[in-house]
Every structure is written in C-alpha cells, then in structure tokens.
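Just so it is clear, A, B, C, D and E label the chains in written order, and each chain counts residues from 1 on its own.
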C-alpha cells in the first residue's frame, strides 16, 4: 500500500528545494517486498514470460524486433533503476518522476521514448481509497512499466497476451500501451459505482436519520471524489494527447481504440461530476433535515411549556399564604381553579391549532 | 423500463477492467420481451413496412437503392446483433457501446457509417424520470436504430412516412436521421414543462408550508434536472457536429433542418439551466421560510414565558411559609400582590411592544 | 399580454414530439384583438403610412425600390401569415418560430432574407415583468415585423420616420432594423432602473425589518433578473452577429450604429449581473439580520429566565411544609430570604454583564 | 459630485427608448459649477496653459503642430460641446456617450480620432465611494478630456508638464494619453489600500464582536468592491487595446509604458478579487461567530435551567398540602430534602461535565 | 522580514497617482541590514565567489565571457541600484518594479535583457506565512538577483556551483536562471505539506471539538492558501513563457528542465486548489458539527424540562391552599399524587422514545 494511505491527499515526497534535477531517491513503500522484474516478449506466433533475477537479463530485449513488456514491481532499488535507465536511455528527469509518487498523470515526449504517468485505483469495501502511481516508458518495440507494489491491475491483459485472443499479439507496443491504460481507466467504474450506490442509500438516510455519522460519510465521499477528479482530468488529457498529437509511436489503427478509451474517461469524469453534485445536494438536505428535526422538538417543547406555564401560575397564585384570600374559603374554590386551568389550556390549544403549529 | 429505474443516475454496467475491447454482453432489461426487428423501406413513390422473423431477411436492404430504416427493439440477443453488425459492417467498438446503456450521447465517424448515441425520455405523472438509450447507425441508404424496450418515441415519424406527407419520403437517410433525432429532442419539452409547472407551484408552497416533503421534492427536481442536463449538453454537441462538420452523409439541404433542431437543444438547455436556478432559489426560500416559522414560534414562547416568569416568582414569594411575613397578614395583601403582578405584566408587554417584538 | 404572464418563465408552447417541421399553429394570446397589418413606405423624399384591410395590399411593396416596413400585430391568423410567407418567400421553419413564443433571441440567415427574433419588455409599476416576442424579417428593401399584441415599442421610431428627422429616411432597411432593435434594447434601461431602485430600498429594509415579505420580494427580483438575463445574453449575440458577420444586407455605414447598440447590450448585461450580485448579497444580509433579531430576543429570554430561576427556587424552598424548618421561625427569616434573592440576582447580573451579554 | 452618489450603483440616465442616436442632453451634476475649459499647449521647448472664456479660442489648436490638451470641466453646456464636436470632428455617438455617465470604460476607433471612456475614483474617509466618468478624444496632436466636476485627478500630470521633467514634453499626444490614463489607474491603489486595511481590522472584529454593524460594513465593502471590479475589468481591456492593437496614434516607444500601466491594472484586479474573497470569508466567519456566541448563551441557560428544574420539583413536592405526608413530620425531613437537592444538582453537574458541555 | 508581515495581503507601497514612471523610492524593510552585494563568476573550470564593497567592482563582469551571478540583498540603497541599472542598461520601469514589493510574478522582455519577478516563501512553525519578492535580470552571460533581506533560498544552488556537481557549471546563464527559479518553486512543497497535514488534523478536530479557535484556524489556512494561489498562478505563467516563447536567451537544451519545473508549478497549483477545496469542506463540517452539538444540548434540555413541567404542575396543584380540597385529606392522597407524577413522567418518556428523540 502507498503513503497516500489513510487520509493523505498527496504523497509526502517532494524535492528538497535547490537539489540538482534528476537526483534519484528510493521510494520506500510500506508493505512492498523486494523489487521484482518480469518480462513478457511476444509476437504473432511466439510468447515468452519470465521473471528475471538480475536486471541485466532484460537488456537484450531492447533491440529484439518482437514486442517486449518489462514490468518492475517496487521502487526502492535505485541502482537497478539507474542500470535500467542507462541501458534503455530513459531520461533522468523522467526517472526522478517515477520515484516521486505525487506526480499528476501526464505524458512527456523525450524523443526516443515517451514517458506516461497514470494512476491505479484500489478501494476495498469499508476502507479508504488507495491511489498508486504507474509509470510507463514507451518505445517502438518495448514498454517498461513501473509500480510501487506487486499485485497490479494488468493481470487480465497478461491473460489476453498468454491466450493470444483478439488482435493483441498481432499489434505493436502502442496497442499494448492502449490495453494497459484502458485497464487502468476501467478500474474507475466499479469504484464510482460503489460511491454511486452509497450516495443513493444516503439520500434516504439523510432524511430519515440526519446524524453526524451520515454527515461525516458524505464529507468523506466528497473528499474521495475530489481525489478521483484530480486523477481523472489529467488522465483524460494524457489519452487525448496519445490519440491526437502526431506521434510516430502510435499507429493510426490504434487511434480508434484510444478514441474509445478517451470516451470512457469522459464518461468517468461525467460520473464524478454528477456524484459530486449529488453529494453536495445531500449536504443541503442533511442540514435542512437536521434543522427540521430540531424544529419539531422545539415545537413540542414550546407547546407543552406554553400550555403549562399559565397553569403553573394559577396553581402558584392559590398557593400563596395571604390570610385574606376569599377564594380559598369558597366551597367550590378548588373546582373553580381547576376549571380556570382547563379553560386556559383549552384556549391555548385552540390558538396554537389555528396557527397551524400542531 | 431501464435500470436507470428508480433512483440510479447511471446504468450499472461497465466493462470489467482489462477485458478485450469489442466484447459483447447481452443487456437484459427487466420488462423487455423478445427482440423485435421491423423494417421500413421507402422512396418517393413506394412504402413498405414489415416485421421480420429472422434477421437475415433485412440483409438484402443493405444494397437496395431506396432508403431503409431497420429498427431493433431489445438488446438481449447478442448473436442477432453480431449477425447484423457483420453484414452491415458495424464497428465492434460501436456495437459494444450499443449494449452499454450508460453511454453519453455522442457521434462517431467509422468511415463507412456514422454511429450516434442519443437518449429517449419518459416521465409518467407521479413517477421518476426514465432515460433510455437509443443508438443509430447511419449510412448513405440505410439507418439502423437500436432500443432497449418496445414502445418508442418514433411513432409520429412512422406515421409521417406512411402518409408520405411533407418532404420526408423525397429526402434521403440523412433527413430521416434528422426526423428521428428531432423527435427525441422534442420529448424534452413536455418533460421540462411539467418540471416548470411544479417549480411554480412549489414557489408558493415553500412560503406557505415549508415542510420536509416540499424540501424532498425540490431536491428530487434538482436531481432529475441534473440528469436531464447531463443528457442535453452532449446531445447539443451531437447535433452541432451533424450540422457543421463536413460529412458526405449529410446533404446541404438537410442542414437547415438540423440548425432548427440545434436551436431546440439550445432552448432545452436554456430551460434546464433556468429551472435549476429557480429550484436553487426555492431551496433558499424554503430554508428562510422554515427558519421564519421557527422564529415566530420562538417569539410567542419567549413572550409568554417571559411575562409569566416574574408573576410566578411573586406567587412563589408569598407562598413561603415564614412565620413572620407581615404582608401575609395585611387586609389587602392579596389585592396588592395581584396588583403587583398586573403592573409587572403590563410593563413587560409595553417593553416588548416598544422593541417591536409583537 | 402574453402567456409568460404572471409566473411562467417560459411560454407553454412546444412542438408535439415527431410533428413535421414547419407546421404552423395559431398563437392565441389572451387580450389580443384581430390581426392588424400596417405598412410604412418611405424614401428620402416620400413617406406613406397606412393600415391595410387585406394582406394582398402589401404584396406590391415587395418589389418597390423604396424601403417598406410591414408590421403585423397579432399572430392568430395562420392563413394570413402563410400568404405573407409565400409571397415574400419566408422560410417555413422561420414562420414556425414566429408562432412559438418561447424562442430565444437569435438571428438566422436564409439566403434571400434574414430572420431575427428579439424580445420586448413591459413592466408596469406593481406588476410582474411581461416579455413579448418580436420577429423581424429583413431583406434589401423591406422589413416585416411580427408581434403578439398591439401597442408596441416602435412608436418613437415611427415618429422619427414621419418627421424625417435625422438620417433615418435617407438610410436603407438595415438602418431601420438597427433603429427598431435599438428601441428594444433601450427598453431594458427603465426596467433595470426600477429594479435598481428597489434593490437599494431593500438594502435598508432587510436590516431594519427582516420580514418574510421582504424575502419574497428579493426572491421575485432575482427571478425576474434571471429572465432578463436569459433575454439579454442572446440579444447581445444577435447584435454582435449583425455588426460583425459579413452580410450583404448590412451596409458598412450602419455598422458604427450597431456597435453603439452592442455597447448598450453590454451595459444592460453588466447592470443585470450587478443587480443579481446585489440581490444575492441582500439575501445573505436578510438571513443574518433575521438571525440577529432572533438572537436578541433569545438573549432577553435567557437573561430574564436565568435570573428568575434561582429566585423561584429559593421561594419554593421556603414554601415547603416541613414541620421542622428552623428558618421559618426566625424573626428575620423573610428578610433573609429576600436578601438572599437580591444577592443571587445581583451576582447573576454582574456575571452576565461581565460576559458582555447585555 | 456625481449621481452615482450615495447608494446608486449606476447613473440614472438612459436614452429614452426609440430616440434618434446622437441626441445630446445636458448632464446636470449637483455641485458642478459653470463649464470651465482649459488649454495646455506644449512641445519640447514651449509650454502654454490658459483658461479660455469662449470655446472658439481653442479651435486654432486643432491644426497647430504642437501637442494640445483641452480639458472641459462640466457637462451641462450642450451648445459648447456641439461646437467643440463640430470643429474637431468628434462623432455624435461618442459625444452622446460623454453625456451618459453610466458608460462602461471602453475604447472606440472613429477613424480620425479615438474615443476612450475611463473612470475616476474618489473616496473620502468615512464617505461612500464616488466614481466619476472621464472621456478622452485622442488625435495625432491633440487630446480633449471631458469631466463632470472640477477638481480632477490630473494635477500631478499638469505639474510634470509645467516643469518639463522627464520625457513628457518630448513625447507626443499618445504619451500624454498614457500619463493621464496611468494617473487614473494609480487612483485605485490608495482606495484599495483603505479597503484592505478595513478588511484586516474587521477580521478581528467579526470574531470579537459579531454585531450587525460589522455585518453591514462587510456588506458595504463587498458592494463597493463589486463597483470597483465593474470599473477595473473594462479598463484593463481598454489599456490592453491601446497597447496591442495596431493603431497609428500610439507610437511604438509608448507601448512599453502602456505595458507597465496594463500591469498595474492586472495588479488592481488581483487586489480587488483577493479582497472580495477575503470579505466573503469574513461573512462566513461573522455568521459562525454570531452563532457561536448564541450557542454559548444557550449552553449557560440550558445548564442553569436543567440543574434547577429538578430542585424546583423537589421543593414543589414538599410544598404540597396533603394531610398525610410522613416526611413532613420527620425530624430531619428538611435536611433530607436539602440533601436530596444537593445530590441531584451534583449528579447533573458531573453528567454535564462528562459530556464536555462546560 | 517584509511588510506583507503579519496580516497584510499586499505590500502597502503604491505609486502616488500621477508621478512620473521610473521614479525610484528606497524600500525600507524592517530587519534588513545594509545592502550586501555578492558576485559568483564561473565556467566549466573556474569558480570565483566574493562579496564586493563598492558596486563598481561588479561592473567589469558585464563583458566577461564567463557566467556571472550578481546577488543584491537589501533594496534601500537607491544610488547603488541606479548605478547598477545604468551600467547594465536595466530599464527604469523594471527597476521601479524591483522596489515595489507588491508586484505580481511576471516576465518582461526589454530587448537586451529579460526581467523576471518571482516570490520566495518563508513559513516558520507557528508563524504566519512570509512572502518575499525576488527580482531577476537575465542577459546572455550574467544574471542579477535582487532580494529584500539576506538569508535567501539559493544556498543549495550556490553549493552546487561551488562543488561543480552536475552540469550546472557547464551550462549558461539560462540554466542558472532555471536552477534559481526551480529552487523558488520547490519552496512551495514543504509549505503546502504543512498546510496539508494541518488540514488533515483539523478534519478530526472539527468533528470532535467544533470550537471557535478551530474555525479561526480554518479561516487562516484558507486565507494563506489564497495568498499562495495568487503567487503560484502567475509564476506558472512566467515559467510557461520561459519554456515556450522563442527567446534567444533560453537555449533549447534548457527547455526540458523548464518543462520539468513547469510540471512542478502545475502540481503546486493542483495541491493549492485541493487544499482550498478541503478547507472549504472543513468549514461546512465545522458548521454542521457545531450545530449538531447545540442540537444535542437542546434535546437534553427539552426532554428534562418537558418531563418536569407537568410534574411541577401537579406539585403546584396540591400546594394550593383552598380550604375545600378533598384529595388533601385522603389517606393515600400523597401516594396518589406521587403515582400520578410517575405515570405522567413514564408516558412522556415512552412518547419521546417512540419519536426517537433519545
């Protein structure tokens, strides 16, 4: 899991002011084991998948004509990253960004290769949203992906590669990039769906029991939708750039798939904005409902108090100890007092009813 | 009816992350019967309408010179859709979108044909708003429309085709697309009208009886206007694209009609935004009115309590049992106490009146 | 008067979904008499004004070289409009819009003529704002204006034409269009002025007497400014189009006048936005003032209650009937009790004063 | 002083709907004396300043090669303005705008001359903000400025002209225009500074004493910042146009000064927006503080009342006059009752403390 | 330290309206000592650093081929600045801006040199945010930096220059500018981080103890984020201009570093906006929590009061002194009264429980 962890909106890593650009610092993610490098090399009629022990084993793939996907899990081994970066010619500024987990999604053209930063979402039931950074380096015949922790979002793509279904083994590294990015975008839907269901449940709850816990949950949902929004908007820009900008690395036949993926990001953003609007509306309804309940309680108090106050006064009146209080000696003085109280209470009830207060 | 059903803002369907693009999954809409395919083939001087039993019966129309409109009601028969898609050359990504009922309205150019997604509105009195997805494939001489449930919004267009009134039978498939899209846009007006009337009624109600039920209704209207807005804005873009972009499929003489239709979407959006503003204003007035009513109740309580509290004190004073309380023995002690109470009450009434509190 | 009448933000007319474009339905405006057609034909040295009995009388003016202004009051005579439209070549879609009083202001180029929709404002003291739709057809040597009710905003322009003052008789139909549109824009100023004065008066009232009636008026003003805004923004676009777009029908020497008119619309929009901001500010002040007044009342209650509650307790204490209560028998027991009360009340008064509560 | 005077956001002058464009109406400003015309004519080595008695005295300067600045104080002498306009070829629409003090700042190109509208600010301590309209006509070798009242913002510029310091006498009329406009922009700073200081003082006051007078002042500041904003934004556009648009009248060497002036307007707008944000934040804090104070008062009431209510009940209980109440006869009945009261009060105090209520 | 000091959003310096452009006024910053000028001159294989006594000592560096960085600490010595400006050809308007500490970050092209204004942040734990203005003049082979106070943000860059690590000594003055600007941007991260941590802590505090001090801190954070935002946005524009605009002074190989720096500003702005959103959300939660707590207190009062009021009434009833009150003589009258009280209290408790009030 990643330091964005429980409540932090942004990673706590930032360059110390004034340090030289391109300085690499290892990213120690709690729970991440040793660095694991896997290679998948494929073409229309071959497929090879292996986990390498030493980073040098992946170097020959740089110049092989078939498409190679090198995946690195764990970012705490700086010498390994430097060796990789040196052999594949990755730009030092890009490598620095790989290790800074607070990057916004972006795409950068470094001439010989492109550098793409995306985010992976992970939300377990009852837990807070986790956002992990995924970095891609794309060249003509290889892709390098770097992640903080093992257990990624790409297993379904690997399975498609293994089985060679569809066109994925026929296409180039650009199609693989599309498939990986699309897998990341598709992760938004179940997460948003769970927010959507919760928002709908809350719409009833805020009316029925406007309690602080409900408010805290609405606030938490708004907060996490804000984080999702910060992720989705720049990812939209990344995919738009991939789709539109003239890049040699993206073949025309892949563009129609990227357009479809772009469409999904639009849909994701649309859902986020709608849920944010709904959550804001919830807040208004919560406040009104809570205030309504208070009003109801206040009204009951008002009415009970206001009815009893004059009765109490009458009782107090005849509780006075004056020697000379003629009523006290009357035969029906007590009945008269009770009657006076009943009439007073009755008048007040009628008055309040006429006012429509209950 | 569609899963957007009662309270869901978005359909609950989304691609499983990592699945291959173009995978079709049947869309089981509750209440939708078996798939029904109807064909209308027409020209200036012929008109043919039939319901086909097997999908292969519609294949010959692909290459007939007259205009053919193939309408499919029900999206749960994937083999039928695949056969249709294969014969008419529909793009797999587009077909996947047809089955994903959470699509935003959009237009996509697939070279040989255009793919258009629109929404159909359905709001029965006292029920929640239903939004159904309608997909169009447009080529030079045929249109395919796909809907989730039978009972569509196109009956009036069919009637115009049957009667051959106006220019509809003289014009091509592009004019038919316009007529169908225009019918969908025109559906907004009665729906918006009903919201408008309700908002106006509520403007009085929020002042006269600011009750939670009114608040809930304002919230519901805001919520549904939000959904309408999410539908209308991208539909505006679709119609704008149809009208402006150079497309071979849209003839110049149809553009003036699309401009008129575009105008209607502008008007729809204008109405939605205005009603949203009015509904937001309603919320403010509701809150103020509710608070005003509470104030009024509070004031009555305050005044009654505050007048009686000193009177009660005087009564309590002379209810004390001290042996040596000279006033208790006075001949006119009781009258004096009553007088003191009257003077106190009078002073308070005058004081409150001067403050303008009642 | 028009159906926008009392509280309706939009006319209630909308095309039935699926009807053929260009279908004309008469617009029955309550209070509108029979249709009245007047013709004004003029040039630098002639001026003719007459009311025609039959619509055919205006047909010859179509081809006369002098400028002709045909004004139609009342929109409930469809055959008359169809005859007019047919002879002058008006587009059916435009004529349909003439009869749909919920149109937004717009300009449309139909090749041989331009179609312009504007709004006329009418606000009588103490009444709600009335917005009437005015349609213009502009060709090289004639203008047709269509209005719902007689009694228009153009009398001052007619007077200038009659007297031939200024350059109006020398200029062409484009200058006449400018003059008419300018008259409509100028109508905004007195209306906005009256809102402005009312807002300023209300700024004092919300502080002095924050009553529900004031709130309702603020809400009404916000509501009507919203309607004005919906009118002014598209009118700005219309005049901008007239001024900028290359149109043969607008001569260069008229452009400087249109620029002036455009300036007025900017000023109108600026005033509307400012008054809306001021009205929103009023709402905030209203709510704060109302809450302040409640606070003041609450404070008085609190203080009076809280002072008397312990006094009442002391009185109650010595009202108990225990046999063995030594104080009751003391010579100065009563005085002591009174003293105790006075001290308690004094302490509370000092405490509250120190807290700054009164 | 100008009619924007005490509380009016806009001047109350507007063209009567339908009047001919270019009709001049005198602007009667209360407090403005007779019209005063002054002429300053200068070059690198001569300087002449005089007040003219008759407007015809300024006519010869139109064609003199040296730079001439004609300043008119007072706008109530229409024949004088018409004579000036006729001789210098000023456009009637521009002259009409000079007399309409509700104009927005703007720049208009009339071919032979440019017309610029700016605003002059005037805010005396403890008074409301005054905004006066200043009109400029700029040609190659003369500038005409028109103001409503004497006592202008240009004295420092006049002084620089008299002393010939800097490059002002060497440069042309465009530099003079820059100097005058810059003087108007610089007027914003002290005004904004005074708002800024007041906002900062209020930040403490809203917390310490959230009283209605503070609220009214926050509202007034927001209101006047709104007026300043309405002035500053279009002035930014004016200066941007002067700086960027190709105009023969503005020499390239003046542009760098206009860029500096443009920078100042950006800074002004930045300050206005920031102060508006701060003032809005103040409002929130005010409301929260006022509500907090009420809460504190309420809590004290609650606690005092709630502690005494059961004590009063016990006292009332033993104040009942039943014959057969054994406790009344007990030796230590009174002490027991007092003890019961003390225990009850103690329990409540502990309970409330544990709840953290005081 | 700078006058922005404790609570001032903007420096209090502004040009007196109408003063000639380019007039220099010394900037007296409290705590700034005498002006200190240091020179660093370097190339791939030499490095020289010295503090100069007289300004004339730096003049020879203007024409030396190696890169020279002249740093001036303190802005209160106008003759020194004038001498510097005269020798290096700095534009008077730029020098005036150096001394006006309220400038927005900006870049200006003066032909022979560029002028850049940036801000330096300084926030000590428990103190308010300090923002200092840093001015840069950039030419082909020299950079002049001017600051108000010694103790700058550039020490790490100086260290890199001294040690000659990385490419900094090989590159030109443009790379030095990048390194200095980057150091300023990197200062945002620790400051924002501290706000972020505080906001997260406050998220718990507003729920647990919604006290005025928490509100004041939220307001302060919002206020300082507003200042940071005002700083970050124009700095983004500055760096974008440096990176994009064709400027001879910026070599192509430096652009990739500026792009990285631009990326950091985007990240900074993103963090600011997110924290502002979170802080606004905090305000809502604070208000709701405070209101919730009041509701809870109110409810306890209501329930206790409302239960005791009828009991008090019963006690008062039998405290009346009527001669003829049969119940008083009953054997079990007292027990009956107590029973009546218990039943009444029991009914109320059940009623309130059923209402869900406690």
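Here, a residue touches a chain if its C-beta (ideal position, glycine included) is under 8 Å from a C-beta of that chain, and two chains touch if they have at least 3 such contacts.
Just so we're clear, the structure is a prediction, and the values are computed from it rather than from any experiment.
Touching chain B and chain D together: C. Chain A and chain B, compared by their mean Cα positions, are separated by 26 Å. Rounded to whole angstrom units, the spacing between the C-alpha centres of chain B and chain E is 43. For chain B, the set of residues that touch two or more other chains comprises 291, 298, 305, 312, 316, 319-321, 325.
The touch graph of these protein chains is a ring, one cycle where each chain has exactly two neighbours. Around the closed ring of chain contacts, the path that opens at chain B and continues to chain C reads B, C, D, E, A.
Contacts from chain A toward chain E in the complex involve residues 7-10, 12, 14-22, 91, 93, 97, 102-104, 106, 108, 110, 209, 212, 215-216, 219, 222-223, 226-227, 230, 283, 286-287, 290-291, 293-294, 297-298, 300-301, 304-305, 308, 311-312, 315-316, 318-321, 325, 327-334, 337.
Residue ranges of chain C in contact with chain D, taken from their complex: 153-157, 159-160, 165-166, 168, 179, 182-184, 186-187, 189-190, 193, 196, 200, 203, 207, 256-257, 259-260, 263-264, 266-267, 270-271, 274-275, 277-278, 281, 284-285, 288-289, 291-292, 295, 298-299, 302, 305-306, 309-310, 312-313, 316-317, 319-325, 357.
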